[in-house]
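Report on the following structure.
Labels run A, B, C and D following the written order; every chain starts at residue 1.
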Amino acid sequence: MSVTPLAAALALAAAWLAIAAIGVCAPHALRFVAKLLYPLGALVGLALAVTAFVAISQPPDETVLPLGLPDLPFHFRIDALSAFFLLILGSVAAGVSVFAAGYLRPGEGAQPGVQCLWYHLFLASMALVLLANDAYAFMVTWETMAVSSFFLVTSDHRIPEIQRAGYLYLLIAHVGAIAILMCFGVLHGFGDYTFASIRQVELTPFWATVAYLLALFGFGAKAGIVPLHVWLPEAHPAAPSPVSALMSAVMLKTAIYGMLRVTFDLLHTQIWWWGVLALAIGLMTALFGVVFSAVQSDMKRLLAWSSIENIGFIVVGFGLGVTFAAYKMHGLAALALTAMLYHCLNHAYFKSLLFLATGAVLHATRERGLGKLGGLIHRMPWVAWLALVGALATAGLPPLNGFVSEWLLLQAFLFTPSLPDSYLNMLVPVAAAAIALAAALSAYVMVKFYGVVFLGQPREEKLAHAHDAGLWERAGLVWLAAGCVLLGVLPVQVITLIDFVTGPMLGTNLSKATGATHWLFLAPINAERASYSPLLVIVGLAVLTGLAWLAVRRFYHGRVRRAPPWDCGFPLLNARMQDTAEGFGQPVRVVFEPFFRMQRELPSPFDAAPRYRLTIEDHLWYWCYLPVARVVDRLTALVTLLQRGRISVYLLYSFATLLVLLFLVR
Amino acid sequence: MLSEFSWAGASAQLTEILLAVLLAPLLLGWVNQCRAWLQNRSGPGVLRPYLTLRKLMAKDAVVAHGASPLFRTAPYIVFGCMVLAAAIVPTLGTDLPYAPAADAIALVGILALARVFISLAAMDIGTAFGTLGARREMMIGFLAEPALLIVLFTASLISQSTSLATTVETLSQRELAIYPSLAFAGVAFTMVSLAENARIPIDNPATHLELTMIHEAMVLEYSGRHLALIEWAASLKLFVYSCIGIALFFPFGIAQGGDAAGLLLALPALAFKLAIGGFLLALIETVSAKMRIFRAPEFLGTAFMLAVLALLIHALLET
Amino acid sequence: MSWEILAVLGIPLAGGALLALVGHQRRAAELNVALSIATFVAAAALTTRVVRHGPLFAFSEQFFVDSLNVFLVALTAFVSMTTSMFSRPYMRIEQEHGKLTGARLRLYHSMYQLFIFTMLLVLLTNNLGLLWVALEAATLTTVLLVSLYRTPASLEAAWKYFILCGVGIAQALFGTILLYMASQKLLGTGVEALLWTHLFGVRSQLEPTILSIAFVFLLVGYGTKVGLVPLHNWLPDAHAEGPTPVSAVLSGLLLNVALYALVRCKVLADGALGPGFAGQLLMGFGLLSVVVAAFFLSRQRDIKRMFAYSSVEHMGLITFAFGMGGPIANFAGLLHMTVHSLTKSAIFFTVGHAAQTAGTQVMDDIRGLARVSPTIGWGLMLGTLAILGLPPFGVFASEFLILTSAMRQQPWATPLLLISLGVAFAAVFRKVQPMVFGDTTAKPLPHRPALIPVFLHLALALLLGLYIPPYLAAWYREAARLIG
Amino acid sequence: MSQFLTPALTGQIINLLAAALLLLSFAMLAQRRILSLINLFAAQGFVLTLSTAFVAWATGQTHLWWSAGLTLALKVLLLPWILHRLIQRLNVKWDVETLLNIPTTMLFGLLLVILAFNLAQPVSALAGTITKGTLGIALAIVLLSFLMMITRSKAVPQVIGFLAMENSLFFAATAATYGMPMVVELGIALDVLVGVIILGVFFFQIRERFDSLDIRHLEKLKEE
């Protein structure tokens, strides 16, 4: 009796639901929930990852559960695409849950049991979103995901800002869900709402475009593409760190999954300008995200904006893939999509790692503002060194994982001149340049993040007794950091995995397109064209660094003396003299001034207690959102005129209605 | 080309690395000497950098209180990165067994890695100058890095490859066609490398004035062998950039494949080109004035624009 | 001859009479609950019988039960039972707050039972004239219930309710007369000519000109009680000023019942005029109600008033669904009737206790319910999410069906509906979140609130969103087929 | 069934009574004083009784006699008496000011009558009763009393308008269908009676809360 991967995946999702149910039965049992249920959840995640790993290479498998609507029971299906995202979900969730086991504290936010309920409901609903195979099941699980994450975001709901963040989040999520629902409505033609029958529908280009745009809007609202990103920097910091990690690492990816599912699976043919649109949006998102994250002074907001940037990269890859696919250049489409999927995987790892690290810092110091941290590498070495891995990966530096996907993406760009459309050929170099710029900026951001939080002198006295992370937390961090390194040094093996995904979508995949690949070298087209071997790079780096070290040791026996810092001979050095977060962001603020809506309060030279205040806001909030709110407000003001309390007027309404209808029927 | 391994290739690779490591300070010395001549000074002599390195190596290393292990490992990593970069760039021959490990993009990545580490190290002690230098360095970085990348893209679009060896082969073998894009790219590259190597007009290697310094501000806290490694790495960086420039824009004379005669011929050619390049660098530094740090973004922005322009021109005219 | 119908109608009638005598005693509330439970048991028996043996006539065809109205009978009996359970502690607390005297309580209990009786009569009778009479009687009883507190506001609300619904329902009587006139020529004078089943038999031969005018009058008449914009003006006042259990049954049941009457008439009109005419009218009114109500929501300050408008919105949605017609849309409409009355009454239960906890119905003064009494707070939060159409609650299921079939049949209407749903979500959730979350200084209630009904309703709504039992589905399908 | 009564004559007599009803409702529309308003209402009820009785006699519909009696008892005797008692107890005898001045109201009324007539044309053509011509008048009276309810600003006249509407509906029933079945008639009558009683109670409560029966005090509940 062998169990199919689909059955296993559903069973595991059910297991998460069960854990959630158990948790809510024991709302106050902190130790029980933290030390038993969360590790159990982690095990389930691990099992899910293994299942997905098995399923990804197997043919699709479907099943129907007798739930849902009578005419439309829940259909579930696992194919390579969903398996790939399930792999992300499972493996990341394992690490995050282990971390959360050590992270839960008494008296923080909601009762632990309730938190456990929403947390595992969130995990289960994400798994089911990826498995859903009909519109109804998809919408149900999708919205359940939104609701459960909303309750997690607002778990510490006594703070008004958090309430506001949660409201904004759920509202935009709901609007997006409405768009997705309309998208399915357009897609389904006249069949029923199973994806199987939607696939059969042949849409006219116009309706296909409508469906695509609705999907881009709906899923984009969840992914946080500009200008639908406003909820993300609010909601991510509000949530407890493991939740921010999951939201940023996995939930955003489910939106990407939705885009892929609709564009490459449910729709048969693509139109070239769809891709260009996505490309433009993606670029805007990437630049916007990175520029804003460079000027943040709250570490979780900084990471949230950097998530927006990475989503931008992913959407750019998606757009390239769509364009290539529309021109039937499937090999190149495979390259672009591979880059994008790879980046999904990478971002899931390094961003969750960094969010968890900030969580550990938060617990150790009770501080989120970068302006009050610093020098933690001495107090919490574990977190610091593991965070360094995450930071370097996020900065997209070799030989870690962030670099691989950026490398693939740039390779994909380098092939665009073969596109038939000359305008595109003009456009794409600029796009490539923008990508390069964003990548370089992300390095800037990460130096700021890491340097201000972990390096330098502690900016507050209380940081002196910050404690390092506990065992559970370390385990989670190590798991994710190991993921970052492995994904970085074994790209070829990962890509063979991704090939299973791109294959069914495009009819070809990278290996097929490029012929046999070498186990050591990542050569997407051929070795002459371009090749990269992170393993060799890391070995070379290690060897050379080691040799240098040995040589220095061998030949010169200079001693090492400790002394006060030199600092150009400046005698009275204190922590206040280091760059603040704002100071470090200043160049970006100057160079990219038009991006921001800044309000400065500069102290006058005669101030007894000089204060410097700077608020940086988002133009889009004022350009896109407030006008809509105003219009709705006007309309409501208009509508209320209907109800002014005079009974004669009310009678007049009925009378007029009657007369009008009588006129109509004559 | 990926897997097969030849002793000739290996030896070529090794000679190249050794050559780079050993010649780099000389190049630096040569540039300083030329600058001295151009400024009517007698100059310290071309071997000065070697002496400096030796002196520093012999000295005690003074490490500030509150310096983390990161501070002490950074120099080694930076040095390693630079040597790695030197190993990838074809200087004498194009048959480098190690080159496939990293192409142009990876090269930029490795340089960025070095930059990130040195900036982090600069922030480690937590002095005013260190953070200032790190901030300015990263600013230069995020403006210069994409420009460099785009320059490399232009070349690799011409040669249909991002692996430097292949690029050099194509460029050196081509019949003498005019590539206007390469001209733009060349200007952009020059500006970028000026900035990246902390030369005038962006930075002045020979000053410790707070307002002007970038690279020096970062390494203020270093001393002894650490400082030596960093200085060496800096000269290596200069060497690497010059070699990239040569490889992209004047690749003639670089040995194709692994023929020994070619290598023997390539050595003097390289030396000659480096000498010229160093002199030109000195010339530029002499005739131009150090610009205020706030103007640096404009300077590098121009470089970036030129690079993109080069790419556009390539897409427009040369395909 | 069936004892079930006799029981279903007799128990509340007798109960009304009984409570009119002893309604002020201490145990009257328990008696009220017991009677409602008995009614529900009888209704359940009737339901099982009809589900087993199909449609059922009684008293020389004066009463007629098919799967359409039996499902509403079961729903009505159920919700009235749970509401009576809720009203037991609620009214006790009101009495302790000094809002009510024993005499009023007596009036309340007896009127409550009579109100249930009238609604069940509307549902069970086969005689359109009697249906009208019963609906008018329902108006009268609820007028007394709405004005129970005798405050100026409640009197004003009751007065408007009485005048507007009285006038409206008078139009319905004119429509009924025209209907009678049309049927007389086919069925001859006498009671038979008003029996719906007979009319249904000859519906295709009914005189179109008369039927069109008759339907207009019936629509205006019964539409007033359904609360279709622009005939809805009585509804928010009556909901906001009456006692909360009354608001619960008004929203949860009376609107359904009025809509049921309208649907019965629509079937006849469709028969005579062919599909389209009546359907388009219903769709128009439904759409108008949804849009207007959605925009009303965001200006509300009184919590009960806000949820009253949300009832207008949902009734509009259901009317729209019935207007579209077709098996799926009707199915969705019936499902929405069920989940809406379950969810909305649950919301009103929590709202009632919330208002008692905070001592006001003004939303800006209600804060931190989740802290002062978590069950109320979470009940309100979940109920709100459910009524706003967030899965996995049943409201989403029906809305999904309505919207998707709207996309298929009336694509032009879909964006309007979706925009209004979005606006409604923004408005309601913005008000409810701070009421549930945050901090407060309020004290918990003196008596343990009866929140079993709340979570029972929510659980049922949740169940209907995830799994509709086959027999239930078959039942809905049958009813949907009847509506045609 | 007497022989000297030709259908034509019957029709004319019924039309005459109908015309009287229409006239009366116009008079109510124009009437300012509450007392005479009540008397007019009683008169309307009386004419209604006559017409019903006559139709009963002319067509031999026995149950119409019953409903005629019911009308007499309820609408001519009981309700006017209750209303008289009410206004004595509430001593509201003053003039009723209207929201819309009388001539305009009359003009509207005229338009409504025209509408009602050509609306009822096709319908009454289909009716099988000797009284079919009067359906239009019935509809006209419905609309007129609706108009009256809209234009009056005091509680009592509004209620009278409401009752007048019931009258007209009753008349419509006789005109179009020789009356509804008895059960329904009784039910309607019961509802009307209970309604009036409840309203009576309301009058007192409204007066004691707002110390006036002016419904313009009842405009607190509204959106702003």
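The rule is simple: a residue touches a chain if its C-beta (ideal position, glycine included) is under 8 Å from a C-beta of that chain, and two chains touch if they have at least 3 such contacts.
All of these numbers come straight from a predicted model, not from anything done at the bench.
A simple rule picks the central chain: find each chain's mean C-alpha point, then take the one closest to the mean of all protein C-alpha atoms, which gives A. Note: the chain lying farthest from chain A is D, by mean C-alpha position. Between chain A and chain B the centroid-to-centroid distance comes to 35 Å (mean Cα coordinates, whole Å).
Centre-to-centre, using mean CA coordinates, chain B is 103 Å away from chain D.
Put simply, the C-alpha centre of chain C and that of chain D have 31 angstrom between them. Each chain gets one centre point, the mean of its Cα atoms, and the points for chain A and chain C are 44 Å apart. In chain A, the residues that reach two or more other chains under the touch definition are 640, 642-643, 647, 651, 658, 662. Each of residues 159-160, 163, 167, 171, 213, 236, 296, 299 in chain C touches at least two other chains. Across the assembly, chain B contributes no residue that touches 2 or more other chains.
Each chain pair that touches appears in this list: A-B, A-C, A-D, C-D.
Listing the residues of chain A that touch chain C in their complex gives 66-71, 135-136, 139-144, 146-147, 154, 157-158, 160, 163, 166-167, 170-171, 174-175, 178, 181-182, 184-186, 188, 190, 193, 632-633, 635-640, 642-643, 647, 650-651, 653-654, 657-658, 661-662, 664-665. Every residue of chain A that touches chain D in the complex is listed here, in rising order: 640, 642-648, 651-652, 655, 658-659, 662, 666. Against chain A, in their complex, chain C makes its touches with residues 159-160, 163-164, 167-168, 171, 212-213, 216-217, 219-220, 224, 229-231, 233-234, 236, 281, 292, 295-296, 298-299, 328, 370, 385, 388, 390-392, 396-397, 400-401, 403-404, 407-408, 414-415, 418, 421-423, 425-426, 429-430, 433-434, 437-439, 465-468, 470, 473, 476-477. By the touch criterion given at the top, residues 127, 129-130, 132-133, 136-137, 140, 143-144, 147, 150-153, 155-160, 162-163, 166-167, 170-171, 173-174, 176-178, 180-182, 184-185, 189-191, 193-194, 207, 209-210, 213, 236-237, 240-241, 296, 299 of chain C touch chain D in their complex.
Of all the residues in chain D, the ones that touch chain C in their complex are 119, 122-123, 126-128, 139, 142, 146, 149, 155, 158, 162, 165-166, 169, 172-173, 176-178, 180-181, 183-184, 187-188, 190-191, 194-195, 198-199, 202, 205-206, 209-210, 215, 218-221, 223-224.
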